[in-house]
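Letters A, B, C and D mark the chains as written, and numbering starts fresh at 1 in each.
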Amino acid sequence: MQTFNLETDLAGLKLKNPVITASGTYGFGEAYAPFYDPSVLGGITVKGITPLPRLGNPVPRLAETPSGLLNSVGLENPGLEAFLKNYLPELALLDTAVIVNISGFSLEDYALMASSFQRGCGIAALEVNISCPNIKHGGMAFGTDPKSAEEVITAVRKETDLPLIAKLSPNVTDITAMAKAVESGGADIISLINTLLGMQIDLNAQKPVLANTMGGLSGPAVRPVAVRMVYQVYQAVKLPVIGMGGILTWQDAIEFMLAGASAVSIGTANFGNPLAPVEILEGIKAYCNQRGYQSVKEIVGLAHGQKG
Amino acid sequence: MQTFNLETDLAGLKLKNPVITASGTYGFGEAYAPFYDPSVLGGITVKGITPLPRLGNPVPRLAETPSGLLNSVGLENPGLEAFLKNYLPELALLDTAVIVNISGFSLEDYALMASSFQRGCGIAALEVNISCPNIKHGGMAFGTDPKSAEEVITAVRKETDLPLIAKLSPNVTDITAMAKAVESGGADIISLINTLLGMQIDLNAQKPVLANTMGGLSGPAVRPVAVRMVYQVYQAVKLPVIGMGGILTWQDAIEFMLAGASAVSIGTANFGNPLAPVEILEGIKAYCNQRGYQSVKEIVGLAHGQKG
Amino acid sequence: MDLKEKVVFNERIGHPVQGLYKVVLSGEAAKTARPGQFLHIQVTDTSDPLLRRPLSIAGIDPERGEVTIYYRIKGKGTELLSRIPTDQYLSVLGPLGTGFSIPEKGELLLIAGGIGMFPLFSVIQAAQKVPVKIKVLWGGENKDFLDSADLNLLLQKGLDVELSTLDGSCGEEGLVTALLEKYLADKNTQQLLSKGLLRAAACGPNGMLKAVAGICRNNDVPLEVSLEERMACGVGACLGCVCTVRDANGGLKRKRVCKEGPVMNGQEVVWDADI
Amino acid sequence: MDLKEKVVFNERIGHPVQGLYKVVLSGEAAKTARPGQFLHIQVTDTSDPLLRRPLSIAGIDPERGEVTIYYRIKGKGTELLSRIPTDQYLSVLGPLGTGFSIPEKGELLLIAGGIGMFPLFSVIQAAQKVPVKIKVLWGGENKDFLDSADLNLLLQKGLDVELSTLDGSCGEEGLVTALLEKYLADKNTQQLLSKGLLRAAACGPNGMLKAVAGICRNNDVPLEVSLEERMACGVGACLGCVCTVRDANGGLKRKRVCKEGPVMNGQEVVWDADI
C-alpha cells in the first residue's frame, strides 16, 4: 500500500496525482477552496482567458439536459492583464500544477497570450483552447479544421517554453486527424473533450433557451463520446492524453485511464459535488491498490490490450 | 378542436400525423403490436436491411450510459430477399406510412436495394442510412463525407420513384454540408440524427463493454445535439426534416418541431415505454389545440423567429 | 459548506392547485444562515437531473437548528424534492450568497411578487428582533394563492400587510407596484423618506423587480432586490448565473447572482441587459 | 403487457453481505405468468438509468394475483428497485419470453448456479402440481449464500436437493457440474435415462451452462437452459439481446433471448460464439 505511486509525468508536466480540474468549472482556484485545499489535486485549470476582458454572453447561459448541462458563458473573463495582476500571484502559491487555459480569435491573440507565460512564472502548463463553441466569431474554426489547429499550436509553441496542452473539440468528423495536427504543431499533451455543440428550445417562449441560441454540452451525457475519442487518440498519436467529459465518479475516471488517459480532468461534476475531485482521487488509489499496481501509470491504456 | 389537422406532407410523403418510429427500434412493425395498433401512427420505419442477410455483431451489443444507450447491433437483418418475401406483405397491409431503411457497403448495394422498391409496392418511402456507425467496413465513410453522401443519394435516386429520405450521421464537423450534399443528390427529405459514436469500458475486464468496441449512442443524452442539428439543417436547406434523437415525451417532440422538424421519429423511447409514440401523438395534439393552431404544420420551425 | 441536512418536514401547504410545499431541514445550515441566503440542494443521486436546485431560506431557527424553505413545484427537480420522505438526509451546499441588510431603525418596506414572499419571511423574522417597523406589500395571482402561501403567518404576527391580486379576489385588484406607488405617495411615507428612515427590500419576477426599482429610484428609496438566475455551481465557479450591473463610472460589469448576490443593490442592476 | 403492479413486499432476505432481495408484486402479471418467464421492470421515472431491468419470475400465485421475484443488488438499477416502498406501483412489461416446459412424468432435474436458482423456484412450484419427481442440484459460493437465497424454501418442501459450495461450507466442495456428473453416473439415473424419463433444466452463469450442456449432451439428457443477456426493449424490437444457435442444417442463426428465450434448448445454443 505505502509504495503505491500516484505521480505521473505527461511529457514534462509533472503531476503529483492524475486528477485535475477542468477549465471554466473551477473559477481561478478560489471557488472550491472553502471545501478543501486545492493543493491536494494533481492540478487545476483556470477559466479560459483572452487578451482583452470579456463580458461573455447574455443570460440565460445555462440549460439542463438529461444527464447533461448546456452552457454558453461565452468566455467571460477579466482579460490577460487583470489575470496576471490579480489572479496569478495567488495561484502561483498553490502546491499543485496550475494550468492556464487560453483562448483567442486570431493567431496573434494566441501568440500574445502564450508569450506572457514562461517556465518559472508560477504555472505548470499552458492549455490552448482551440475548441470553445460559444464564441460566434472565432474558436470554432481553429478547432474543427486540422490545418488551423496546427497553425495555432505552432504559433503558440514559438512563444513559450512551457509544456503545451492542445485541447480538442469533439465537434469533428475525425478526432484523430485533429490529434495528429496538433502533434505536428508541437503540442506536448492533448486534452479532450471540450463541449459538444447543442441546444434546447423553450416550449412556451418557442425560442432557444440560451440567449446565445447554442451552447456547449458537458456532463455524463457526453461521456461515451469522450471515452471513445480518448481511445481513438491514444491509438493515433504518441502524446499523453488528459481525458475529460462527464467524469462524476472514480469509476468514470478509471474508464478514461483504461481508454488511454494519463490524467483526468473534472468539470461539471464539481457543480453537483464539490468534493468530486478528492473522492475521485481516493477511488483511483483504492482501485489501483486493490489490483496490486505499483504506479497509477500502469493502468493507462489497458483497454487496448496489446498496446497497453 | 374538431378542425385541428394532424396531417402533414413531407415533399410527397403524406403522413396522417407527424409521429413515426425510428429504424432499428421497432422491429418490422410487429414488436409493439401487442401494445397498440401501429396504424395509429403517422409512419413506422423498419429495421435497416442490406442486400444479403447479416448476423450482425457478437454480444454484448448493448451498454447503458447516463440517459443514453450504446448499441452495436451491426445491422443484423434477414436480407433483401427474405424481407420482400416474409415481411413486406404484412407491412403493406398496415394503414400507416411504412418506411424501409436501407444500408449498404457500396454504391451498387444501395442501388440494388433501391431498385427493389417502387411506388405501389406497399411502402411509402425509402430511408437511406448512410450513417450507421456499427459496421467496420462501410457505412461510416458515406455518411461523413459530403461527396460520398451525394453519390449514394444520386445512385439511389436513379433507381426508385419513391420519396427518398436521406438519414444523416451526427458524427461530422458540419451537418449543414452533409444536408446540402444530399439535397444536391436528389433527396426529398432529410432525417436526423443517427447515433453518435461512443464507447464504454468495463472496469473489471479492463476492456470495452461492447464486443464490437464502439457503438452508437442514442436516447435523451444526445437530444441537445440532435435539436441543434435539426435547427441548423432547417436553416441550411429547403428539404423537410424528420427529427429524432432522444425524444421521450411530447415536450421533446415539440422541441424538435419548433427547431424545424416536420415530423418526429421515436427510437430508444420505445424500449422504456412501449406506448411512447401514442402518448407523444396525444401530447402534440394537446399542445397545438391549446395554443389554437389549425394544423400541426404551423409549429414547424417557430424557434427560428422570422423564417418560421 | 457541504452539509447533510435531515428532512424533518416536507409537505404540501395550501390548495393542491398551487403546488406549494414547505420543507424543514435540521442540521448545521441554521447555525450560520442569514435572511436572503439560499441553499443549493441535491434532489436525486442519479444524474438526471444533474444539477442542484437553489432555494431561498424562509425561516431560521438557530436554537432548534432548523431552516425552513418554501417551494413551488415547477419541474422535475422540485417534483423530486417533494417526494423525499422525512428522516432522509439531503446533500445541501450553503448557506450561500449574500443576505438582505436589516436596518436597525425606521421602516423596512418589503415588496413581494408571488412566491417572492418566501425569502422575505426570513427578513421579517430577523427584523422583528430589532426596533424597525415592517410594512409588507404583497401581490399574488388570487386569494387562493395568498392563502396557500401562508399569508396567515404574516397576519398572525400582526404585521402591517397590504395585498393585491390580479383578479381582485383579495386586497386591491392589480399589481403590487400600484400598492407601492400609492404607499410612497402617502404623506407619512414621504416624511419617513425625507428623514432617511425608509428602506425597501423586494423579491419577485424580474419584470416586477424592474418596475419596483424604477419607482424606488424616482422616490429615492434605497432598495435591495433578491435576483433569480439559472445556476449550476452556486458557489461562483461556473459564471452561469450572472446579472449585469452598472458600476460607479457607468461601465457595465457582470456579477454572479450566487456569489455577489442573490441580494443586490436594486439601483445597480441593469434590467433586461441584452449583452 | 404493460402493467402497473403494486409492490406488496420488497425486503432484503438473508445476510446483508449477499445483497439479496425478494419483491412481491400484486396485479395482472400473475394471471398469465409461466415458469421461466420474466418481467421487464422500470426502476425509476427519470432517464437515468434509462432502461428497464429484466427479472425472472420465481413464484406465481394466480389466486392471490401475486408474483414473486428474487434479485441481487448488482448496480444502480437493482439498487433503485430495492428502495421502492410497498404500496407503490411499478411499471412492468410482461410476462415476457418463453417458459420452461414441465414434463408430466418421470424426473425433472434442476441444475442451478448461484442466483440461477431463482427462476427454477417457479419451475418447482409448477412441477409439484404434476406427477413428476423433482431433483435439485444447486451450487453456490458458500453456505451463507445458499441460506440467504432461501434454501430453506426447498428444504421445507421436502425436495431432493444436493448442494455444492466453492468453499465446502455446505454440501460438496466444488462445482455443481461435479454433482451433475456424479448424479448422471448413478445407476438409477441411467435407468431413468434409458427409459427417456429424465429431463433437465438449468440456469446460472454462462460458463456453468456451457459445461452443463456438454455433460447433458454426452449423456443424452434433454436440456432446457435459461439465458441472460443485456436487454433494451425486452420484446424483440431492438435485437440487442441475441444468442447464437445452430440450426438443423448446422448453420448459425441468432435468436433473441427476450423473445425466443430466455428458455432455450440447451443443445442448440452455441456457447462463446465469437461472431
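Just so we're on the same page, contacts are C-beta pairs under 8 Å (C-beta built on N, C-alpha and C of every residue); 3 or more make two chains touch, one makes a residue touch a chain.
Since this is a predicted model, take the numbers as computed values, not measurements.
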| Dominant chain pairing [most C-beta pairs in contact] | A-B
| task | With centres defined as the mean of C-alpha atoms, identify the chain lying farthest from chain B. | result | C
| task | Could you put a whole-Å number on the gap between the CA centroids of chain A and chain D? | result | 47
| Centre-to-centre distance between chain B and chain A (centres being mean Cα positions), rounded to whole Å | 34
| note | CA centroids of chain B and chain D: separation to the nearest Å works out as 37
| Where in chain C do residues touch two or more other chains at once? | 47-49
| remark: Residues of chain A that touch at least two other chains are 63, 66-68, 219-220
| Topology of the chain contact graph, where touching chains are joined (line, ring, star, complete, other) | complete
| request: Write out the stretch or stretches of chain B touching chain A in their complex. | output: 63, 65-68, 70, 144-145, 171-174, 196-201, 203, 206-208, 213-214, 217, 219-225, 227-228, 231, 246, 251, 254-255, 258-259, 287, 299, 302-303, 305
| request: In the complex, go through chain D and note every residue touching chain B. | output: 1-2, 42, 47-52, 91, 93, 229-244, 252-254, 273-275
| message | Which stretch or stretches of chain A touch chain C in the complex? | response | 24-27, 30-32, 34-35, 47, 55-56, 58-64, 66-69, 71, 73, 76, 219-220, 248, 268, 270-275
| Quick one: in the complex, what on chain C touches chain D? | 44, 46-49, 76, 80
| task | Spell out the part of chain B that touches chain C in their complex, as residue ranges. | result | 66-67, 220
